[in-house]
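In order of appearance the chains are A, B, C and D, and numbering begins at 1 in each one.
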Amino acid sequence: MSLNRRNLLKSTAALSAAAMMPKVLMADGHGPIKLGSVLDTSGGFDAYGRPMDMAMRLAVEEINTGGGLLGREVEVVAYDTQSDMALYTQYAQRLTRQDQVDVVHGGILSASREAIRQTLRRSETLYFYNVLYEGGVCDRNIFINGVTPAQQVEALVPHAMANSGPRVYVIAADYNYGHNTAGWIRHYVEANGGEIVGIDFLPLDVNDFGSTIASIQTASPDLVIAPLVGGAHLSFFRQWAASGMKDRIPLASTTMGVGNEHKVLTPEEGDGIMVAYNYSQELDTPNNTSFKERWTAAYGNTDDIHEIAVSNYQGVVTWAEAVRQAGSIDRMAIIEALETGLSIEGPAGTVTVDPQTHHAILDVHLMEIRDQGMQVIETLPQRQPVDVQAVCDLGANPDDNTQYEIEI
Amino acid sequence: MAETVLETSSLTMRFGGVTACDNVDFKLQARELRCLIGPNGAGKSTFFKCVTGLLSPTEGNVYMRGDEVTGWQPHQIASLGVGIKTQTPNVMDSLTVSENIWLAARRFHSVIDSNAKVAEVIDRLALGSIAKTDLGQLAHGERQRVELGLVTVGDPWLVLLDEPAAGMSAKDVERMTVIIEELLTRSAVIIVEHDMQFIRSIARDVTVFHQGAVLMEDHVDAVMSDQTVRNVYLGKKA
Amino acid sequence: MQGSAGKDYLTIIVFGAALIWLLPMVENTYTLTILIIYGMLGLSLGLIWGFGGILCFGQGAFFGLGAYTYAIAAINFGESTVPMLLAVIIPAIFAAILGAMMFYGRLTEVYLGVITLVVTLILFKFINSTAGPQYVIGDARLGGYNGIPGFQTLNVPGDPGAYLWGDSYYYVCAVALLLVYLLVTWLLRSSFGRIALGIRENETRISLMGYDVAARKTVLFAIGAAIAGLAGALFASWGEIVTPTLFSMAQSAEIIIWCIVGGLGTRFGPILGAAGLAYMKFLLGQQSLVDNTLITGLILVLFVLFLPKGIVPALARFYRAVLGNGSPGKRKNTHRIRRATNG
Amino acid sequence: MDLSFVILVEMLYAVATLVLISAGLAVVFGMMKVINLAHGEFMMMGGYATITAVNFGVNIFVAMLIIAPIAVGLIGLLVERLVIRHLYGRLIDTMLATWGLSLLFVGLATMIFGNTTTGISTPIPGFTVGNYQVNGYNFFIIVISIMLIAGMLAVLKGTRAGLIARGTMQRSDMASALGYSPDRIYMATFFCGSALSGLAGAVLAPLVGLVPTSGVAYIAKAFITVVAGGPALIAGLISSAASFGIINQVFAFAVSPVIGDVALFVTAIVLLRLMPQGITSRFFKGKL
């Protein structure tokens, strides 16, 4: 289950060795293109950050093996932010001023993104944030390819309600993501003729859900939707199963499994939870099969691949494609290339840049957790980020620089 | 007729079921010396702590120069001009002798006057040779002497000393006696003490505590010859 | 003693100015700025713990309070001068109230630790659970776990358009630290500081001398909080975001570790400890061989076991052993170096 | 009616949890006047010991009740020999050193087990009360806590080792005066305290997801419970766990779990302000 440190080190070493090779061949006076990365590869969020780092390095290695970009090698400049928000600003400054990178991929929590977004905008460094999040960021310098609540919830709610009933109880993580997502859940539950019978917001460090489970039982809903986040919240699913509620009220979640949490729960605890994401390891497509093979070749097994690692991979691929189309590493040229509605084929399917919002149009898969895997039930192709589209139009306001709270 | 500087009426202190101090009425005149004696657990230290504010009495009142000070904090009592020395040495071990005395002087004087006062006290107590030494490095007798300096630097009109002679050599005790005699020209002094030798050498009036209450109050010679006192105190001691 | 005061201040100013001038040649000013801010935070605890004997497990709370006060006020005023002042005053008031409650209750040592710890936890929990739209102060959303981004950073007083950032921000912070250092030096030389030292050594004796110990500790505690608050405001302006992690246990723990490593009972020790360890953490972020938490922990254990007085006192002792002549003027500084909290 | 039963169970469970997570810390503090801030990490290691053992095919109850306490006890012994024994009598220094140890253990666990949340499922099924489902494992925890208290009482009152321990708690110089080596008493105490921490971590592991940083969540509550309890080991533990647990749950049900936690902390401040030496310094004086 746990990440084998030695394997990781060995393969990282192998990667950098591979990256060294073309350097000699491609020396053309320009030097390498620099890709900056800031991720929490240690500390509390490293379960998210480390696979993202692995995915980024895999993507770069593949680009370099294929001859680099514009005949130049791509060099990774990566910093570990140790799950400390202060280090984000610090490393972002270093990336832009000292290392003078051409693009930055990274940031995991919304707080970390907001900590560096302005710095990167001011220094005119292109920024890719490749994580599912609460939506609303409107800034021409940033590209985001994670699913937004509307993309997820719009698909998940009707499906889950069809499998249970109209009375829905929401327990959400008590921060921006949870509040926004809960708002969207309410919106789509009501749009589908349902009713919200209760909403609880739980701080990220709550790990005892006894009173919450009792309140849910008092409300006796048909369905519980749980946008819960992080290790402590995982206890909810366990305590829910332990109290025998799992067989009485169905569960759905917008976050369960993003960091491979479903592999920690036993089948008895996890089976039947309904989710909707852009990616699943169980996705049976040639793209995904090939991706898993390449990952295995680099890292030994596929244990660590998860939703946002794939997002990060797709982010790097998207950027590389834009550089190729632009034929330049000039920031505005790349932005304009991306704004043509560029799309790539990633492990999770087609990912298209939405010029209006700089978010992504992508496939959303309705899934159910089964035997510690996510079985795809239905694929909804090319969903628009309608929530962000409602507030953000970078074509009309290219100088916009806000994170909108979406009024529902 | 001298002024009454300290008076307690029905002072009582209970700890749970134990009455450590029972209805004590006590009076002290200006420039009077009084020794409090009694066997262990007789309540003299509790009485001392109630008067100095280290404990807040359960019942009864404490008056100083006619003002009620019952339940005041130690620093409030001390601010009135009362010098207090507790049973165990209470000094600042990692500060020097002169720094210790300066801190005490500064409470009642300006910075400049304090510096002068420190010099005066060091001179009076013959501490010149050790003035720049950390207190922690001094012998017990010297530390007791310094503490006496701390207590008297503010020119108190009432001085309360809990076992000032404990653990001192004969020579130190002798010196202490001289200092106390000198103090009495300006202040009233209360001494809580075990050392009978010391008490005989300085005492005039003595208050004997027994089981929390005042057993007897008289001149030291009368007390010494009293049979009851001998029984409860000296008899046990011997 | 009075004669040497002026010379001491001059020495501090000369050394400080030289450091401010030389450091940017070694490291970029952006990183230096945060080291300076942490240095100030370390000094704030170094003052109340090293010289007042008050071990505060929640110094991070005042840091966070200063940062949040600044951020909230800056959003509402759109100018940074008043927010800066508020960021110093509000933590000081908060500390004065908390301190009065603790010190008049005659709480000491562990119990003091528990209360400061608990207050920090409450603040952390509270700030963490303010993600909902109902938590607004003026125009500022508290933002819960995600914190508050996008507020006005430090500007030239009176001119909101003239941002102080980059190199100039470094000089602002460095001069601020120098001023705080001079202030602390002056404070420790004053009667107040000397009495505080006495309190650290023996509370009972000082109160028997007639000093109101609780009041004095409360004031010292509030001064420490004000300095921490200032550091917090500078931090907010530097990072351009404030998050609840400022209130976290880990943050408070780090401040304590800085003081231990740098040396308690000195003014320079906590600053050195803070800057040194923060820089180490920053450098460690560029490798992934050994877990950084492990190293921090190991350092703390080793210091408590083998160098409990910290680096600066150890260096001072070494310096005296090799070069010292033991003159009274020299040893004047040394007695301030003892740990107050042992035993 | 059913709901009040559920609330009652949750309250008992909250009190039992506090007793469980504080017991190890209380033993070490009561006997040695050492606050072990690595207590939370000892619990975390108890959890990992259990999970590792279960993954090797050991019965879960054996893993929780035997393997985890012994494993963590041995780690505790090592810590006592290497670090703590050099710091006896220096309360603040031991706190700082154990704090360092806690960071060290978090780092070690991260390197060994990774930062992914792991866990095992509860071995006891839930059951029904009227319209409500109750987590059966809650009862297990309540029973374990009661047995723990009973066990501690039995040892302290009924055995020779307990007598020495009681003596040491009253007067730390007693034991050596009676000819027992304080060194060995401290070793034994730290072993027992660590084992209790390991047990607590193991027993709670099936309920909560386990990460290397899990310990942090417990240490603050355990610390507060022990200090608020005051000098009497068992009476202090029970009285403060009961006050905090009940208040926490009342507010958790009435408002929300966050407010429950905040209420707990506020109570702690008020309690310490009123009784600076802990509950048992005023009540239950002289009890165990």
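List of remarks:
As a working rule, a contact is a pair of C-beta atoms (placed from the backbone, for glycine too) under 8 Å apart; a residue touches a chain by one contact, two chains touch by 3 or more.
None of the values given here were measured: they were computed from a predicted structure.
Think of each touching pair as a link: the shortest run of links from chain A to chain C has 1 of them.
Traced through touching neighbours, the fewest hops from chain B to chain D number 2.
Distance from per-chain Cα centroids to the pooled protein Cα centroid is smallest for C. Simply put, of A-D and B-C, more C-beta pairs touch at A-D.
On a Cα centroid basis, the chain most remote from chain C in this structure is B. Centre-to-centre separation between chain A and chain B, using Cα means, comes to 75 Å. The centroid of the Cα atoms in chain A and the matching centroid in chain D are 38 Å apart. Rounded to whole angstrom, the centroid-to-centroid distance between chain B and chain C, based on C-alpha atoms, equals 42 Å. Centres computed as Cα averages put chain C at a distance of 33 Å from chain D. Contact of a single residue of chain A with at least two other chains is seen at positions 42-43, 174, 201, 203, 205.
Counting partner chains per residue, chain B has no residue touching two or more of them.
Under the contact definition stated at the top, the residues of chain D that touch 2 or more other chains are 110-111, 258.
Touching chain pairs in this entry, ordered by label, are A-C, A-D, B-C, C-D. Interface residues of chain D, counted against chain A in their complex, comprise 3, 6-7, 10, 13-14, 17, 110-122, 124-128, 131-138, 206-209, 211, 213-214, 217, 249, 252-253, 256-258, 260.
Put simply, chain A touches chain C in their complex at residues 9, 41-43, 79-82, 84-87, 89-91, 93-94, 97-98, 109-111, 114-115, 117-119, 174-176, 178-179, 201, 203-205, 403, 405. On the side of chain D, the complex with chain C involves touching residues 35, 83, 86-87, 89-93, 95-97, 99-108, 110-111, 216, 220, 223-224, 227-228, 258, 261-262, 265-266, 268-269, 272-273, 276-277. Those residues of chain A that touch chain D in the shared complex are 1-3, 5, 42-47, 50, 174, 200-203, 205-215, 217-218, 220, 231-232, 234-235, 238-239, 241-245, 248, 259-261, 264-266, 268-269.
Per the touch definition, chain C reaches chain D in the complex via residues 55, 101-102, 105-111, 113-115, 117-119, 121-122, 125-126, 129, 249, 253, 256-257, 260, 290-305, 308, 341-343.
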